[in-house]
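The structure that follows is given in the form of structure tokens.
In order of appearance the chains are A, B and C, and numbering begins at 1 in each one.
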Amino acid sequence: MVSFSGSTAVAGIGATEFSKQSGRSELQLAAEAVFAALNDAGLAPSDVDGLVTYTQDANQEISVAREVGIGDLSFFSRVHYGGGAACGTVLHAAMAVATGVAETVVCYRAFNERSGRRFGQPNPGIGGEPTSHGLDLSWHLPYGLMTPAAWVAMFARRYMHVYGATSEDFGRVAVAMRRHAATNPAAWFHGRPITLEEHQASKWIAEPLHLLDCCQESDGAVALVVTSAERARDLRRSPALIVAAAQGAGAGQMTMTSYYRDDMTGLPEMGVVGGRLWRQSGLGPADMQAAILYDHFTPFVLTQLEELGFCGRGEARDYVADGGIEIDGHLPVNPHGGQLGEAYIHGMNGIAEAVRQIRGTSANQLASVRNVLVTAGTGVPTSGLVLSAD
Amino acid sequence: MRTLTDDEVRVGAVLPELAIELTPTVVVSTALATMDFTSVHHDVEGARAQGSKDIFLNILTTMGLVERYVTDWAGPEAIIRGINVKLGVPAYAGDRLAFSGAVLACEDGEFTVEVRGTVSLGDHASGTVRFALP
Amino acid sequence: MTAPAEPTGLHERLTALAERQIAAGEVLGAAAADPVNAPMIRHWTDALGDANPIYTDPEAAAAGVHGQIVAPPAMIQVWTMPGVRRDRRQAGTPVDAVLAMLDGNGYTGVVATNCEQTYHRYLRLGESPVPATRFTGLAGPKRTALGEGYFVTWNVTWYVAGEAVAEMLFRVLKFRPRERAREPRGNGAPPAREDTPATGENGAGGNGSAARRDAPATDEDVSAADGDTPARRPYPLRPAVNADTAFFWEGAAQGELRIQKCADCGELRHPPGPVCPSCRSAARTYLTASGEGEVYSYVVHHNPPVPGLGTPFVVAVVELPEGVRIVGNVVDCAPSRVGIGMPVRLTYRQMDDELILPMWAPREA
């Protein structure tokens, strides 16, 4: 059987600036990020024969190809479930490369998520259609349960009840991310760390979530170049090998509202992803020098640490205590500041940070990084990666 | 049972809740005690034939229970002067009628209590009761 | 209020009749069949659970402010009820003709909306009140959630030897039952059932025992219908409905919380779906939930504002004793009082003319 593990790599990364108002179209942002990634890899648009993005991106693959000047495409794919698909783009690209469907695939995400369509705002229209998704939403939306923060808060409240976690425990995640962002010049919150007291004093969004439990809304774009490891070794940068990539959905899965499964304190879909990543890579949590955990909302960072095996069920509050996930802790999480601190580009900026850590070029570079775990959006069907140094 | 004095009734004071389990016996016996022989208050089949899901409390009883709710709290000597009720959803047999209330106003020795009687479907009766104390 | 262009001129005929009935003034009915008496009072206090001794205990009553046994004031209407064989009570009232004209023109639904009683004094044993009924108002046609209708108002005064001892205002909505919006039209589908046929008892002797519609939240319906404008703004947060979920929303509209049940293996499932996950059967039925539940998790939504709702509001995952969970708002309760494990009880809210949502209110232990 053909495997992409170790035989494919991320060869280039690129991004626009992260802002609250880009002042240009989402298609332009996409084109700029793709140019930057290709330039980083030392490739030309004509080298690209595949494009992958994920749902909720406003830019068609063929539109990006036209703007960038990519010619023929032999592979294009759009991965489902929004932010949960971030690492899935790399999985799809790696599969295409490993099977010879394409040689060089660019994955991209571009949006004016703050100045344009704001995903954090209620949208009464989201449940309007009798699609299976619209019907799922219809059990929640009429009651005003219609924002990502509130959807996550429902899980968080149950988690607190079962494991005795507190809002302060969630706050420690936010404090860590803002600490990292404070020393990352690309981060929106560069130079602006927060204290736990500030977290506690921030306004309620959806109890038990405070404002500072919720990631920002950003304008910006990120692109990645995926090609074979063999080819990547001849390019401008040292490759970040894709040693594992996986998608996962759990039994009884819904989009953000899986409240009807036996338990509401876990993220079974992330357990599916974690199990596959560890098996495929032959590595385990102890082999990771850093983790990029999707942090649109703080509580799910705790849940992910448990689902991925970094600690036991209900123990994440101890794991994140005393700076445990800060850059000098036992598992540095999101050294770039995550989506809480750097920008909310639906997880693509986190994949870029993993690549930088492996290359040794991060603003908050850790010592001797070999393997980095990356996860994608939580509460939805999700995905993950293990990237390793060559 | 002791009757409250003017000094003991403060605007904003909350009345203790009163919950009444609406057994079929309650619905039927109160309908008969109020001389209301309409079938929807004692005959399940008759009630269903008219589109109701079960027999339900009649309005004369609702008025009586609203009165009882206030005198249970204010005391036997309280003089009830008036009851204004807006009628809502039916109070079916098998449901529970829960009263809540609060003192709304006091003017010229007359108190006004806001009363709300709710059942599982929503508000069954809501309005005000005026009374004086001796 | 101007009338719609009715080819029959019904509104004009109704208005003319109402004016005549108002002009007729007060019409005396028959005196109470039995004077105020201890057995009927005792029967009433027993059935209603009223332990006030001034109604039944001669000693306590004598020592109190009335100096003797008095009747519960809310019994005022009881004394002049017509009894089982109402035809023996010949007295008509000015209300009857108006209700009859409405009935005869399709306004067959009736729902009582207001009952206001004023007690000038308490009645004593042996007194025989006499009711006198005045027709006092016809308002409409108005659009209401139940259908187009007229509000009919009358007043009753009870006299004892010429002294007015109590008064009552009574109001009903007589409505033309609406066809259900979702039912196919133009193919012979029957109109929705007549919610509650007029019982014909409303006018007699000032008896106000108008039956009520078998649907929730008429209270809100009617208050919203009081204006001249269309009854309600549409609630913006509408569920999508298809063949697999319609039974649930139809149940909600009828005051039932329906849980999908596999017709073959009996497994319950919420949210519902077309194929039983246990036995693959597509044969479905439902059971009606008991209406009890317990908060399994909840959020208090503060920001950002949500269209159609005021903040903060509570949304909970409620676990039902039937074994499924369902999401709904917790109402009639301060958000700070809500907690995991809190017992709740099913209630409903009418969100607009079309949508009724099942919700949850605290259930005292």
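Assume contacts are C-beta pairs under 8 Å (C-beta built on N, C-alpha and C of every residue); 3 or more make two chains touch, one makes a residue touch a chain.
All values derive from a computational prediction rather than experimental measurement.
Trainee: Which chains make contact with chain B and with chain C at once?
Mentor: Output, common partners of chain B and chain C: nil, no chain qualifies.
Trainee: Write down the pair of chains with the top C-beta contact pair count.
Mentor: Pair with the most C-beta pairs in contact: B-C.
Trainee: Indicate the whole-number Å distance between the mean C-alpha point of chain B and the mean C-alpha point of chain C.
Mentor: 14
Trainee: Where the CA atoms of chain A average out and where those of chain C average out, how many Å apart are those spots?
Mentor: Those two chain centres are 53 Å apart.
Trainee: Nearest whole angstrom, what separates the Cα centre of chain A from the Cα centre of chain B?
Mentor: Spacing between the chain centres: roughly 58 Å.
Trainee: Going by the contact rule already set, what residues in chain C reach two or more other chains?
Mentor: none
Trainee: Chain B: which residues touch two or more other chains?
Mentor: In chain B, nothing touches at least two other chains.
Trainee: Which residues of chain C touch chain A in their complex?
Mentor: Interface residues on the chain C side: 235-242, 244-245, 270-271, 296-309, 312-313, 315, 317, 324-329, 335, 340, 351, 355, 357, 359.
Trainee: Using the touch definition from the top, list the residues of chain B that touch chain C in their complex.
Mentor: 1, 17, 19-20, 26, 29-30, 32-38, 40-41, 50-53, 56, 58-68, 71-72, 76-77, 79-90, 96, 98, 118, 120-123, 126-127, 134
Trainee: Quick check on the complex: what are the chain C residues that touch chain B?
Mentor: Going through chain C, the ones touching chain B are 40, 43-44, 46-54, 60, 64-65, 72-75, 77-78, 81, 83-84, 111-119, 122, 193-197, 199, 201, 207-220, 222-223, 254-255, 291, 332, 345-350, 361, 364.
Trainee: Quick one: in the complex, what on chain A touches chain C?
Mentor: 120-122, 124, 127-131, 134-147, 150, 153-155, 157-158, 161, 203-208, 211, 257, 259-260, 264
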